[in-house]
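Across the two complexes that follow, subunit A remains constant while its partner is subunit B and subsequently subunit C.
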Partner chain A sequence: MAGTSIIFRREVYQYFTTPVSYFIAAGFLLLTGLYFNGDVAYSITRKAINPALIPDFMATLMILFGPLLTMRMLAEEEREGTLELLLTAPASDAAIVIGKYLAAWFYYTLLLALTFSYQLIVVQISQPDLSHTFCAYIGIWLYGGATLAIGILFSSLTENQVVAAFMSLATLVFLYLGDIAGQIVANLDLARVIRQLSILGHYSTSFSYGLVRAEDVAYFAGIIVIMLFIAIRVVESHRWR
Partner chain B sequence: MRKVWISRLTAQKMIEVQNLTKQYGNFTAVNGITFEAQAGEIVGLLGPNGAGKTTTMRMLTGFMPPTSGTAKIAGFDIFDDSMEVRKRVGYLPERVPIYPDMTVRGYVDFWARLRGVKNSKSQVTQVLERVHLLDRQKTLVRNLSKGMRQRLGLAQALVHDPEVIILDEPTIGIDPQQVIEVRDSVRELGKKHTILFSTHILSEAEQVCDRVVIINKGQIIAEGTPANLRQKLQRGNSLYVQIVGANLAQATDMLSGVAGFESLTAQGEGYILRTRNSNDVRGQIAERVVQSGYRLVELRPVAMTLEDIFLDLVGRE
Partner chain C sequence: MQNESVTITRNQIGQWASFLGGTALLIGVVGFIWQGGLSPVIIGSFAIAAAMLLLWFIMTPREVKAFLTGRQAQYSTGAVFGTLLLVGIISLGYVVLQRSVITLDMTESQRFTISNETREVLRRISRPIQLTGFYSARALQLREIDDQFFRLYEVESNGMVRRQYIDPDEQPALVQRYGAVDGQVYISYLNEDGSVDFSTLARVPRSESQERDVTEAISRLLISGSLTVYFSQENGELDPLSADPQGLSGINNGIQESGLITYPLSLKALAASGGNVPQDASALIMARPTTDLTDGEIAVIDRYLERGGALFIMTDVLFNENSFMQENGLFNQYLWVKFGIRALDAAIVDEVSYSGTQLDVVSAAIFPENDIAERLDQENAPTLFKIARALETNQTPPADTPNGNVIMSSPQSYGERDLKTLGETNNFGFDPNADIPGPLASVIWAYNQNSGAKILMVGDSDFVTNSVIQTGGNGILFTDGLTWLTGLGERIKFAPQAYGSGLPVIFVGAEQIDLIAFITVILMPGIVLATGIGIWLRRVRA
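Moving on, here comes the complex of A and B:
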């Protein structure tokens, strides 16, 4: 699609040139590092290392970092007035949203790749099931992709980054807690439906154990497609305001 | 003679607006306007705040669809061939859109690429040179002054060498020196491009534009070259009269009998007398003043400025 790659490149450039994204990356590495450190110390003496240790932790972390990585994307364009110019450039509305989304996912993938350094340490001190680890990484990659899509959607809805981050955070917390809600509902069918909708359940019951299930992949892909579709419509709606 | 002939040959309608209407809910912001611009023409869209200038431009740039009516840019319909139109238009919105964290060069380069410029490097250098920002190319956009941002916005609108350039109040909020620079560059650009230029400053439209379209409350109320407009719309005469020792009431008393008298207003040490028709009434004035026992020290015609015409027109609506 014309323009997607140009938008993509500008956004990636933006991630690498703004201090904020370095703070986000630093925070991300600090938290995962601390968590890893604590668990490794514990694992050496008490139990075997969990091959999905870092991805499991990231399932929680991305509830916060998904919104942080995407809050700026469309909100800032609207606030600075560049959206008006983007919408009069020969690029479709879809190209704009998708280009931005792919940039966020790309940056997230890089952050994820940085956590491979922890796996290197694990390999040095024990014999983890690497296929299990790999599966968990695939899962968290998709999971993160879904949180980013939700973040993009809320970024398109407001010109205030903080509001965008807050709304997507609230939505993600809701989707995340759905997993717990499923556990405390007495009606089994209802519990199952709630769990089916919750984002964590599609990671913690499969990828986390080294399983790749088609329905979970479909769930994340579905979330991404639906969120982006709505975001494109929201961007388009600027033309009708 | 030869020049005229050539320009006739190449004359082509670059902007064709037909009955264009835009409604926001029940409110009609632009109400059935029709005008056109030939290739190489600088057309000014002149109107007070809220006249519908920005709305018109937003429709022409493909930002928003019209409620009804059509418009063509370089022969392409703004709705059906939006992408073709967007490739051919350079647009500087009212509020200069910036990416604060990009460098000047990166910013212009981004817009060049997005609009499909092939050798963006040399194009960007050229356009930065043109707006005198080449020595600032590594500066972050956030650190530019307002006038520089305005020029950056202009660079962005020019970088893909568009056939039609649409500038929404490009001289607003910058200092007089830079206003002159921007006006000069617009006039310079007019030699190669078709320009639609909005402003609410009449003298600016008069200086810069080949043709002026005056718009108010979403409707065109007058159109023509600045000289043309003045001629067409100037009703009656204005005279400056200075009478020693007469206050406004006394002077009105004296002069209200002049043929075609319309109004008398104080200005400086004297008065402006307006008449409804263009008969020469200087003799009558002199006669009346002297008969009343006052002394006439100055009597001269004043050309009605476009400013007056404009205020008059807008007020009359």
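Moving on, here comes the complex of A and C:
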């Protein structure tokens, strides 16, 4: 636990002292800001603002941002040879992986928190269903956690950041498109199985509508646990390979 | 900037092949356990697994050997089994949670929570009901959304409401049997052997409120067969079975979908035999008879109304002799004396509120005094009557028999009395000596508080025909009128507060929009970007 905390603080410190983290955050805010404004302008006198507007948009954004936030975490350590050094430190393999993962999730949580400012604006101009919005935020927080866990796994599998990002992007796109499997696959049973595995499918018809389902929480928690478990085993394999 | 070349080695290909092979094997095994047999997907997964594992062996034979026999085998086998065990445990937990239907509805309107009104309806179910949904793979998302709602009904009714989903692509014969399209849901009772009782089959409509749609469908099923509506026939009336533009098959089917039974009825035959309107008649619809009623027919209606009957009269401007409800006719006089309502021999001409010609009258004023006009929306869905007949209510109605207007024309309208010229030449014009100045009523009602008799009179019959029933508020006027007459609304309607209203539309000025855009698109990203540049500059200088 102490090891996890040390790794976590080290990674968070890196996030706050590296300009790239700020550039990513600025890009993220620009995209969400544009999307938010587009919907507000369209909604005037026409419709209510979707309470899950920003979380819904983030579900798409995270397919891109998830790999961006995690691609360097273990791959860079391995490429620069610092992973071997880290493995000799008084921190377990699990502490290394979990610490790095929690730091990424923490950074993502801060990005999410910044988008609360949109909700403050919505409150000023409308009467939104805030509990619905809160539910969507819970969902997208878990969703983001799962995408980051997938990113960490691929970062642990290769020393090349580009390959790690590409592989996790490909996986996330597959899991994202699984939500519309029915549009692609004619066989209903196959489409259902794919959708059960889809990451978006566990958000788009529940959290996005203001509904928390235990199975969806279990899905995201399960993805996170499984991905981190495999990533830990991969890091561990450096000791006996 | 440093260029980074990417070199893929045999070793890496072997690693990826082993990873993909293992994943495909895992998917195949999990799928096999899940479905309890082989399917194209599972076979495909096993084929991919075999191909990838073979590739792994070809690319890195030593690693495979070490994997199977060496020190690595011990670790990697442990890792693989550990992963499989974890996946198994999590999958099991997921399936258990999925089947236990644990949800938390966080919407303010409690959109995904069964209301007390619905619980009350579900308690009245004594025979298994099935919701049958038709969803192809293309409608999978819709199915998921519907299913999470339908299963609440299943749980809340202790299994008395069941769910059945049919893939229309797989079972076209059932599609034909139900007359279904993709995404439609049907409700019906189940027979003792679990088969669908097709005699009770009805489509569940879709609107914004899913709970209202389903619960009202269940309510209609519960009362199905207990309400019967008769159409008077054999006097030139519009045909409820005709699918022609001038037919009434649309409303007839709609009534039946609402769980009501419809039958034809001959007033002539009843008058001749001295019979009565059947006891089970919840309402009698007179869809534009052409000739006026005889004494005998009026006596049949009088006996029916005396025992609390409900009459839906649609009367047009008729140009024939002895036309139905002519102003001085027997039936008109009867209604005026007993209920204080009558039809006038005048066609409404509206110079302000019309569509096409001034004879195609659009409702100018709606009086939502009762359920008939409650849902009529004057702004967005006004009613349209093609050549409307002017009606009149007695301002001093008979005792205990209140009456009122539902729809009126504009003050700039008038009642054209010269029907002969109108019928022959289509010419009309206001004659202050003969015509009736507006506004004029085109829909009126009367209610006898002692007997419970209700009458709804509409100065048009075209509005319910197949060609225009969907126009504006015509359909609403008919259904809500019939609902009021039969008392159906009291049996299936819910308190409005049971369902949350939609969120309000936003109203923002141009200045506010600009300010919001500045804050969210320029200020917020700008501050973060400036901070990043500041850190970058500091690092460069250091």
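The rule is short, and it goes like this: the second predicted complex is superposed on the first by the 235 of 241 C-alpha atoms of A that agree within 3 Å, B and C clash if a C-alpha of one lies under 4 Å from a C-alpha of the other, contacts with A are read in each partner's own complex, and residues count from 1 in each chain.
In this text, a residue touches a chain if its C-beta (ideal position, glycine included) is under 8 Å from a C-beta of that chain, and two chains touch if they have at least 3 such contacts.
Because the structure is a prediction, the values reported are computed rather than measured.
Participant: Evaluate whether subunit B and subunit C can sit on subunit A together after superposition, giving fit or clash.
Facilitator: They fit: once the shared chain is superposed, the two partners occupy separate space.
Participant: A:183 in the overlay: touching subunit B, subunit C, both, or neither? Say first, second, both or neither.
Facilitator: A:183 sits against subunit C, while subunit B stays out of touch.
Participant: Looking at the overlay, what does A:132 touch: subunit B (first), subunit C (second), both, or neither?
Facilitator: A:132 sits against subunit C, while subunit B stays out of touch.
Participant: Who does A:17 touch here: subunit B (first), subunit C (second), both, or neither?
Facilitator: A:17: touches subunit B and subunit C.
Participant: Going by the touch definition up top, name the partner, subunit B or subunit C, that contacts more of subunit A.
Facilitator: If we count touched residues of subunit A for both partners, the winner is C.
Participant: For A:159, decide between first (touching subunit B), second (touching subunit C), both and neither.
Facilitator: Neither partner.
Participant: Just checking: does A:6 make contact with subunit B only, subunit C only, both, or neither of them? Give me first, second, both or neither.
Facilitator: first
Participant: After superposing the two complexes on chain A, what is the shortest C-alpha distance between subunit B and subunit C, in Å?
Facilitator: The answer is 6 Å, the least C-alpha separation in the overlay.
Participant: Please identify the positions on subunit A that touch both subunit B and subunit C, taking each partner from its own complex.
Facilitator: Shared contact residues on subunit A: 17-18, 240.
Participant: Subunit A touches which residues of subunit B in the complex?
Facilitator: Spelled out, the residues of subunit B in touch with subunit A are 58, 61-65, 83, 86-87, 89, 91, 93, 95-102, 106, 110-111, 113-116, 156.
Participant: Where on subunit C does subunit A make contact in their complex?
Facilitator: These residues of subunit C touch subunit A: 4, 6, 12, 15, 19, 31, 34-35, 39-41, 71-72, 75-76, 79, 82-83, 86-87, 90-91, 93-94, 97-98, 100, 102-109, 111-112, 135-141, 144-145, 148, 167, 169-170, 502-508, 512-513, 516-517, 519-521, 524-526, 528-529, 531-533, 535-536, 539.
Participant: Given the complex with subunit B, which residues does subunit A contribute to the contact?
Facilitator: 2-3, 6-7, 10, 13-14, 17-18, 80-91, 239-240
Participant: Residue numbers of subunit A touching subunit C in their complex, please.
Facilitator: Residue positions touching the partner: 17-23, 25-27, 29-30, 32-34, 36-37, 40-41, 43-49, 51, 114, 117-118, 121, 125-132, 134-135, 157-158, 160, 162-163, 179-183, 185-193, 195, 201, 204-206, 209-215, 218-219, 222, 225-226, 229-230, 233, 236-237, 240-241.
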